[in-house]
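Order as written gives the chain letters A, B, C, D and E; numbering starts at 1 within each chain.
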Amino acid sequence: MTLLSIKNMDVSIGQYSVLHGVTFDVPEGGVFVLLGRNGAGKTTTLRSIIGLWDRPPGSVTFRGEDVSSLHTSDIARKGIAFVPENMGIFGGLTVAENMVLATASGKFDQARLTRVYELFPALEQFWDKQAWSLSGGQKQMLAVARAIIEPRDLILIDEPTKGLAPSIIHAMGEAFREISQTTTILLVEQNFAFAKSLGRDMAVIDDGRVVHTGTMAEFAADTALQDRLLSLSVEGA
Amino acid sequence: MIDRAGGVFVLPVAIAIVAFFLIGAPSSWLTLTVAGLSMGLMIFLMASGLSLVFGLMDVLNFGHSAFVSFGAFVAASVLAWLGGWLGADSIILNSLALIAALAAAIVFGAAGGWFFERVIVKPVYKDHLRQILITMGALIVAEQLILATWGGTPVNVPRPHFLEGAIILGGSSLEVYRLFAFVVGALVYAGLYYLLNKTRIGLLIRAGVENREMVEALGFKIDRLFIGVFMLGSALAALGGAMWAGYETLITPALGAEMMVIVFIVVIIGGLGSIQGTLLGAIVVALMQNYVGYLSPKLALASNMILMMAILLWRPYGLAPAVK
Amino acid sequence: MNRTLSVKIIALTIWGLLLFSPFLFQDVRQVEVAARICVFIVLVASYDLLIGYTGIVSFAHTMFFGLGAYGVAIAMKQGDNTWGYWIVGALAGVLVAAVLAVLIGLLSLRVKAIFFAMITLAAASVALVLASQLSSFTGGEDGMTYSSPDIFKPATKLLTDDEGKVARIAGVRMNGKIAAYYFVFFTSAVMFWVMLRIVGSPLGTVLKAIRENEARAEGIGYRVVAYRTAVFVIAATTAALAGAVYAAWLKYTGPDTTLSFAIMIDILLMVVIGGMGTMWGAAIGATLMVLAQYYLRDLMEVASDATSAIPLLPELLSPDRWLLWLGIIFILLVYFFPAGIAGTIIRGRAK
Amino acid sequence: MIHPSLSTRDLTIRFGGHTAVNAVTCDFRPGELTVIVGPNGAGKTTYFNMISGQLTPTSGSVEKDGVDLTRMSASQIARHGVGRAFQLTNLFPQLSVLENIRLAVQAQAGDGRRFFTPVAKLSELTARAERYLEATKLSDKAELPAAALAHGDQRKLEVALLMAMEPDIYMFDEPTAGMSLDHAPDVLDLIAEIKHDHSKTVLLVEHKMDVVRALADRIIVLHNGELIADGDPGEVMSSQVVKDVYLGNAGEMA
Amino acid sequence: QDGDPVKIALIHGMSGSPLEAFSKQTHTGFELGLEYATGGTMEVNGHPIEVIYKDTQFKPDVARAVLAEAYGDDEVLLAVGATSSGVTTGMLPIAEEYERILLVEPAVADSLTGPESNRYVFKTSRNSSMDMQAQALALKPDENLYVATLAEDYAFGRDGIAAFKSALEGTGATVVSEEYVAQGTADYTAVGERLFNALKDQDGRKVILIYVAGSGDAPGKLQAMDPSRFDIELSFGGNILPAMAGYKRFPGMEGAVYYYYEAFENEINDWLVEEHMARFDGPPDFFTAGGMSAALAVVKAIETAETLDTEGLIAAMEGMSWDTPKGEMTFRPEDHQALQSMLHFKIRVDDDVEWAIPEKVEIITPDMMDIPVGREN
């Protein structure tokens, strides 16, 4: 069943046209991976879904409802979480305060909190610290933790593994696998090895257009296609 | 942070003790101290709105003083209009007139704040320079509007009889109006403290200033919050103006502008965005002004500036800045 | 590129008009207006060096302006109206401005921008109070009048005709007034040119870098505090020089012509209208604003009369409310053309 | 043995009660590329910050070619030939790509104090800046403001800035983070080139193991602020302690 | 030439400061004055009078430009202005440069007819010396009187107190303390304590003389500190009518002021009060009376001048006496300051009147005062 469907999305910033008719469907459940080179328009696509561009032409349908004209906060309240590329950490707030703001009621579900601590022990350690003082990777963990502290229907994640140590990437992969049992994840990723291990379906964006959609299994098998679309000259570990 | 900042909260006490020995005459000291404390709370009323908007939303609102002026004039007009109640022999009618005047100022301030946020400030969040500029433009317009509405001649502010005069205690005189101002200021402080520290609103606003988009992506309507804070800040300014009008009894449209420098100094000395700091700054400034004015009048004018420089050198972010 | 060119052309046209203005518009007010424009272009350009190029918000610019003006005023009042005293006064003013700028800069340019703004505001109000309190020296609130060098006296004949009377060129009397105007014009033009060179130089790029990302500028090897202090001093001394020139022109110096906060706001308005971070914009902003100050009122008088039949409008268009309209225009400008006139032309429509 | 160009002695910094970097003593030699690895929050960036002057150490010292850099300001250190690129992109957003680079060239040439010569006349500056543009394949974006670049290009510009400073010591903090696979090699090639110039010292923080393997002459490992391993890449990467704290087999993190 | 219009420029601050209200009063008074003096024809000796208005924006440089324009381009016969002393100081040299008359009204400072002024300047407004001498006389000073003074710390305040002290000289009264506060002071507690401490142990009549122009309501603030417990009286001058409402707190207080509409009994004042009531629904205030006095001076000067040019006017005006709502005024030939009467009042509170009434005790005529001569023409 289709959870999120994007049709003919066009975005231009100033005189630059960034997306030209991006169209793809994200089925419910599992991890959907969006691949593409730098500047292809992946971030822009995610931002448009959550409503951070002023009304892009084209439609975004979530659970059969057109949300493209809704305000960002209303889209979020439909059950969509967003982990932006720059992480969107509130540096002036403590880790705890950052987390509180990600809950609707201001109260934590204790079980979920415990799981977050397990996944990212550093967060427990720095719970009462100002978030700006976290290391780059710790900030990334906090950003992901915020998205999973409440149950959601869809999580949009922009390059979560950037700057993470291998062991953490590994842990995060586990976490995503677990979360994706109950929640759909739309993942933008450069780390192909990571993407490959998680993704069920996928799409490739290039130069503001969707140039390929399909299952991850097929794509992973077809190295020629990978080479053409992603120029994987440095193969991931 | 908290324990380290704790030390600065005894500053006013230390100042008062030193002053006691320098002044010598206990009755004068008591007069000056009580007057200073209540003046501090009146300044706090005017400054708290600025500090709130400045510290929480990171908006430097030079138009703040316009709300102070508006509050003063609106209250004065209401009091003049309710002259009958004010002149009546019933304390109840007197108080009703007073409450009506203060409420009118608050409502006007809030409404003005709404308009101000929507039209003036909204486009320039996060851009200090344009904030300074656009709010200055708004200040010019607001001052002209006051001039056009109330004219340039000073307006007399009647005040209820029960707030006139002074209580004589030993050799000291304690003005009734100042005691009243003290109470109002203390109540406002308590309310603000609760709002910012016991509710989630303060957090959300601080987060929103840093990254508006992310707060929205978390599902909050940051717009409404910002408007709310702005309305609150403006309403406080107007209330401060109304209280000040009652103190001054004769007001001109320049009132807000005249108070602005001291209000800025207080906010800076206190530390941005912290209500505690603003209160502290206001009291320290007011006490210093009274003591220095008594001990060495020549220095009185410079005392604020010197105080500000000294405090900034000692603590570059003010006495008790909001933790950032 | 050609957009930048069109801004330059506008600004150069303004300078051209200023150069010939005594001949183009032969009435008394325009000379006053033109001289004021010249001085304010320099003042605004020097302020733009701070606010537009380096991102320093200072409210002490009128203080520096005043130092130059008061230096000249006091020297010419205590001494006499010869050039020697003008030079002594101007130098003293510039020197004090430079010293103060170094002190304020080193002491406080490290702190957060907003604190710096407040400190300069405090310094400026202290200057204002001092000028008022040291009245035996400064003339207090009322300011002081003095005479300027003889060559500027209206009675001075620069050129004489056969009968020994003041000669006229294109109908303009070649008297001291003309000399005074060209003194103002050329000194201003030179200062403006110097500032143009500064912003076009490597130093100019460094200033912009500091505005954009102070920490990184430090990181690639620029001593940010030193650069900021330097530009603060340059701006301060230029403002002081402009003050000295203006004092010679006005033959009057008082708080309301140099030190007052109203002038500070004028300067801010001019910078914004012209466009922050463009020297050429300063010329455009200063010109428009001074013209508005002198002529918007007259214009509104006409508008008010023309609409006198309609209710309410004439009330709002009353010439005494011209400041209201200026304020509104200003807000709209900041709102819709944050880059100012010059910036908007250069960048084009798209945001 | 070659003399160390950069060394830190007992370099330590504490934030409140937390010791982020603890008594790290290490020498770096010209012509050598040292990769610093360690789990997130190990103190790698903080270590860099102390060397390049963004932070002042609580104790210990930093020395370059016999000059004590410990208490110097960031700008002084930069002028002493220590250059640094940042983990989080840190550019001059409204200035054009070319201007960004020219600033670094100009700082290196000591031209920042020239205030009367138009930049346009200093053509050698522009020419040098353009060389770095080409090297990082950013030439076609020279006139764009840095803010308009996609993330990957911003990372490249970050590297270009560092190269333009022409320092003796290069410090890269995860230069390829967020770079797609077709762009990362450009940057890696540049780093390799620097390494080949045997007078330069390179420090690199990196999490991508393939990158580490391709470039490292030597690896040091930080963990909880302490230096726990130092040596030949093959050796270090296969040691048990690194596997435990860093690579992780099934997420058994301390 | 007969029938040629005579142009007069009114140069006041009309925008940019709350003081603009004073300028408006002055204009109203000036227009009423012309109307009265010409019997409504607006013609003097067959010359129609044309009034040109200019705005100084309360900026001296703008004021200079518009004054120069009035003289140079509009070719006015004379100009009247301005509102604040600073702006007016800046205008003085322009009058000299253009050799035209500047009639100062309502700016106050003594220095406007002082050594820095010039022979083209006439002044119909009262000056600080008059204020303070009248104020001193209103105290009926003798050996029994002890005074502490309170003024603002700038030229206006210090000159005023100096004038006050010189008026007390030889009367036996003692000034025990002079306090100066910064301009714009709002809190008078500290200085109040100092004043009380200086006076309270004297035996005799104890008075605090207040000379504060700003809006801080110094009298009210001191009153709130209850000076009566030390038998200390307050004394200060009058104010514009809206401000006089605040004087209801000081019944019986005595001081001096230069106009109150009920205090002067003459035909001109009767006309002024009646017309003003009829047209503006309220009595004239003191800047209105000032503006009218200036207009009456101008008309009389034009009527009596032998030639209608600057020199003719100066000749006519030096030593000229003319009637005004405030009684007869005379331009002193030496410095062109007009001498005028002042009102010694005592505050009476009438609940039916919006403001406290400064009831006449006595008119202090010019010969009772000794106003220093500012310059020798």
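We adopt the following convention: contacts are C-beta pairs under 8 Å (C-beta built on N, C-alpha and C of every residue); 3 or more make two chains touch, one makes a residue touch a chain.
This one's a predicted model, so the numbers in the text were calculated from it and none came from an experiment.
For chain B, the chain with the farthest CA centroid is D.
In this assembly, E is the chain whose CA centroid lies farthest from the centroid of chain A. Note: centroid distance chain A to chain E, computed from Cα atoms, is 76 Å. Distance between chain centres (mean CA atoms), chain B to chain C: 34 Å.
Multi-chain contact residues, meaning those touching two or more other chains, occur in chain B at positions 301. For chain C, residues that reach two or more other chains under the stated contact definition are 129, 321, 323. Residue positions of chain D touching 2 or more other chains: none. Listed in rising order, the residues of chain B touching chain C in the complex are 60, 120, 123-124, 127-130, 132-134, 136-141, 143-145, 148, 261, 264-265, 268, 272, 301-302, 305, 308-309, 312-313, 316-317. Across the complex, chain D meets chain C through its residues 52-54, 73-76, 78-79, 83-84, 86, 90-95, 99, 102-104, 106-108, 111-120, 122, 125, 161, 165. By the touch criterion stated above, chain B contacts chain E in their complex at residues 25, 28, 31-32, 35-36, 39, 147, 151-156, 164-166, 168, 173, 175, 177, 247-255, 258-259, 286, 289-294, 297, 300-301.
Those residues of chain D that touch chain A in the complex are listed here as 15, 37-46, 87-88, 148-153, 174, 177-185, 188, 207-211, 245-248, 250-251, 253-254. Per the touch definition, chain C reaches chain B in the complex via residues 51, 55, 57, 107-108, 110-115, 117-119, 121-122, 125-126, 129, 265, 268-269, 272, 276, 321, 323-324, 326-328, 330-331, 334-335, 338.
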